[in-house]
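Dropping the structure in here first, questions after.
Just so it is clear, A, B, C and D label the chains in written order, and each chain counts residues from 1 on its own.
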Amino acid sequence: MNKIKKIDEVMELIKDGQTIMFGGFLGVGTAETIVDAIVKKGVKDLTIICNDTAFVDKGVGKLVANRQVKRAIVSHIGTNPETGRQMNCGEMEVELVPQGTLVERIRAYGAGLGGVLTPTGIGTVVEEGKTVLEIDGKKYILEKPLRADIAILKGSRVDKKGNIWYSKTTRNFNPIMAMAADIVIVEAEKLVEVGEIEPENVVTPHILVDYIVEGGER
Amino acid sequence: MIDKERVREVIAKRVAKEFKDGDVVNLGIGLPTEVANYIDKDVEVILQSENGFIGLGPAPEEGKEDKDLVNAGAKFVTIKEGGACFDSAMSFAIIRGGHVDATVLGALQVDEEGNLANWMIPGKMVPGMGGAMDLVVGAKRVIIAMEHTAKGAPKILKKCTLPLTAAKEVNLIVTEMGVIEVTEKGLVLKEIAPDTTVEEVLRATEANLIISPELKVMEV
Amino acid sequence: MIDKERVREVIAKRVAKEFKDGDVVNLGIGLPTEVANYIDKDVEVILQSENGFIGLGPAPEEGKEDKDLVNAGAKFVTIKEGGACFDSAMSFAIIRGGHVDATVLGALQVDEEGNLANWMIPGKMVPGMGGAMDLVVGAKRVIIAMEHTAKGAPKILKKCTLPLTAAKEVNLIVTEMGVIEVTEKGLVLKEIAPDTTVEEVLRATEANLIISPELKVMEV
Amino acid sequence: MNKIKKIDEVMELIKDGQTIMFGGFLGVGTAETIVDAIVKKGVKDLTIICNDTAFVDKGVGKLVANRQVKRAIVSHIGTNPETGRQMNCGEMEVELVPQGTLVERIRAYGAGLGGVLTPTGIGTVVEEGKTVLEIDGKKYILEKPLRADIAILKGSRVDKKGNIWYSKTTRNFNPIMAMAADIVIVEAEKLVEVGEIEPENVVTPHILVDYIVEGGER
């Protein structure tokens, strides 16, 4: 099984209307080479799931700026004025989710759980329209799992089987999203030989990764 | 009237005194970030950064930035020796699970019940809550670091009017005018800034304030 | 009547044919473990061990045991190049989340609805379910590898009488007598062992069996 | 802050009637030096939470054999005949929990969640007496969080601040339990200098660890 593909090969998998998860926190840990290719391909009506919409010229923000996003499920949009503008004039839908809830909803899908019971958001607009359970005297919101058609990860070191190691703060949502999508594509900053990452230091095991694209340092 | 910069310094310095050796603290963007500059050198405070690590250090020297190492505001930072990196699920497990001793955040409004509004102004500013809601619910102590008023209007209210970040989670409010504790009985003014009178604080506050019988002058 | 050892070999060999290149498989303790010995060399199957790794390899040579590296039965094993270790939360996230293509387990009883009982005999054997309940619920395919009968008594029943491990999760049953698929319509006998008659299989089975119109001879 | 303690010092923390979590899977990844010291101290009526009760002469099985355990919350007892015997004659209580549910219940407490919504155990005795929720057409058991007074971990390499790295299959329940107890004690197989474990390869961050005991290889 050779998972290593050219960027054009994996672009065939990306289609209008898909739900795509992107790792990254304000663009750090986002697969920029793949994002650029999606911008170039110009697919429309995407639902993106990401921590935030980054910046107009960085990370998934570029997809927003290029008007390819129909809906964003994120915790923060403040750094990308284009998201706010499109949201306010009804061009784009935004579902704001507390960051800890967002990552846990993704984890719930990936881990086969029915949802998340979190105290975060109790007494706020976040609880509106949701089931609230009282468990041993404390209230929790039942938050539903989140899945995607595609998850796009950025790995600092990726071995040729697909095992991933993340440098510093590039890890963020990447390993969790690796569990929650039908197809998982990783952009490798550095492609290394199998065995170069010690088994204990692998963060995302290769069985979760379908395709590898070389991205280089950027 | 002291100038803006001095106001921020006064607040950050006073908040810095709240920590004890070994405390794990998450500092919000903006003024709360400045608190790190005033922590006593004998007190080791471990800073948690919700984008995924502990051991947050100061900004790197120019030219020594690591593109993979930023804080939750996407600013280049450093990691102290003995620091550790993790994913966002672990980061918020640490936060929501009560493993953070204190979080310091700014506020748009705080009220008598310890309710906090700091994430949106409907129709005007909707940046998203980011990690704030989890931090306020999960941290053992929630410390609000903010200017006492906004353009002269009180920010410490009887009841928040903006959408809440969390209900009844605030423990302490530190402003340039004083230090206010949120208690079962209401808001207690525990410290007052030098050259400030209780009357001035009351006038700048919409909420009822209980004046502590042991009211002290704030060290600034 | 073939002897015990040959029975186990027949079952393990047939189960091994169920996998395709790249499959992630969890093999239970006992007979299922032996399946690994018969996987075609051109087919790369990645074995998951629920105590926390993928890339489970064969037992080490004597004297080369690593005290930190065991399988879920606490037997010394090896890890293949490219393997990865993780904690139990991740291990079961992988299992329950559907990231394991197949699990192979033994059974005390299986029934027409695909119900499985393999974890206890009330008042007699209560070892605990370990990871079996999660594996049966989470794996994409559940393959039962077992002897067709126990001391002559059928194990494939109309309805399980022992406490269930999981309801309606079994996909395939492989015994020394044949291969049975669990379908919406009931149990379908798809393959039959050489030198065995359909009548013999029916006699050894309590459940109703639908005989596949394409009934084949099992390759053993 | 010096977290490094002598075994006798940490033994002062262990008391009759406590709930104690122990990392380990059939004894692999269990802090044997600490277990031996608890056997020697002879505290009684413990509730232990562990994957299994290991063997009569290995891991937490020694505590069972020495009749110090009142109640065990575990997924498996089959390898320790003494557990079965004490359970059958009413000397000890055993709560059997599916392994994936057990670890997720511990994680739920440590992560501040109200419980776990799992499909595991639906249609079996495991669901008896529990709340079952139907979410989007599928049934899930609501399983409650598990906490402990003390968590006892085994780390293969532990730095002097308390950062932990686990070798091979010794990791298992250890990192999850590190989040779910009031006091966390780690037995270090090898104590290393701060900085020897790369920040990315730390599995349990030092902020979760209260005390370190040197154990050596065993």
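Following the convention adopted for this analysis, a contact is a pair of C-beta atoms (placed from the backbone, for glycine too) under 8 Å apart; a residue touches a chain by one contact, two chains touch by 3 or more.
Being a predicted model, the structure only gives us computed values, none of them experimental.
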Steps needed, at fewest, to go from chain B to chain C via touching chains: 2
Centre-of-Cα separation between chain C and chain A, whole angstrom: 35
Centroid spacing, where centroids are CA-atom means, of chain A and chain B in whole angstrom: 29
Separation of chain A from chain D, taking each centre as the mean of its C-alpha atoms, in whole Å: 32
Sites on chain A at which at least two other chains make contact: 104, 107, 111-113, 118-119, 166-168, 171, 199-200, 203
Residues within chain B bordering two or more other chains: 53, 79, 85-86, 92, 95-96, 137-138
Graph class of chain-chain contacts, one of line, ring, star, complete, other: other
All pairs of touching chains, each written as two labels joined by a dash: A-B, A-C, A-D, B-D, C-D
Contacting residues of chain B [partner chain A, same complex]: 49-53, 66-70, 72-74, 79, 85-89, 91-92, 95-96, 115, 126-134, 137-138, 163-168
Residue ranges of chain B in contact with chain D within the complex: 21-22, 24, 44, 46, 48, 53-55, 79, 81-86, 92-99, 137-138
Chain C-facing residues of chain D, complex: 25-29, 51-52, 74-79, 84, 87, 94, 96, 98-101, 103-104, 107, 118-126, 156, 166-176, 203
Residue numbers on chain A that touch chain D, as the complex places them: 104, 108, 111-119, 133, 135-136, 138, 140, 142, 144, 165-168, 171, 199-201, 203
Chain D residues touching chain B - in the complex, by the definition given at the top: 1, 107, 109-113, 159, 161, 163, 179, 194-195, 199-200, 202, 205-208
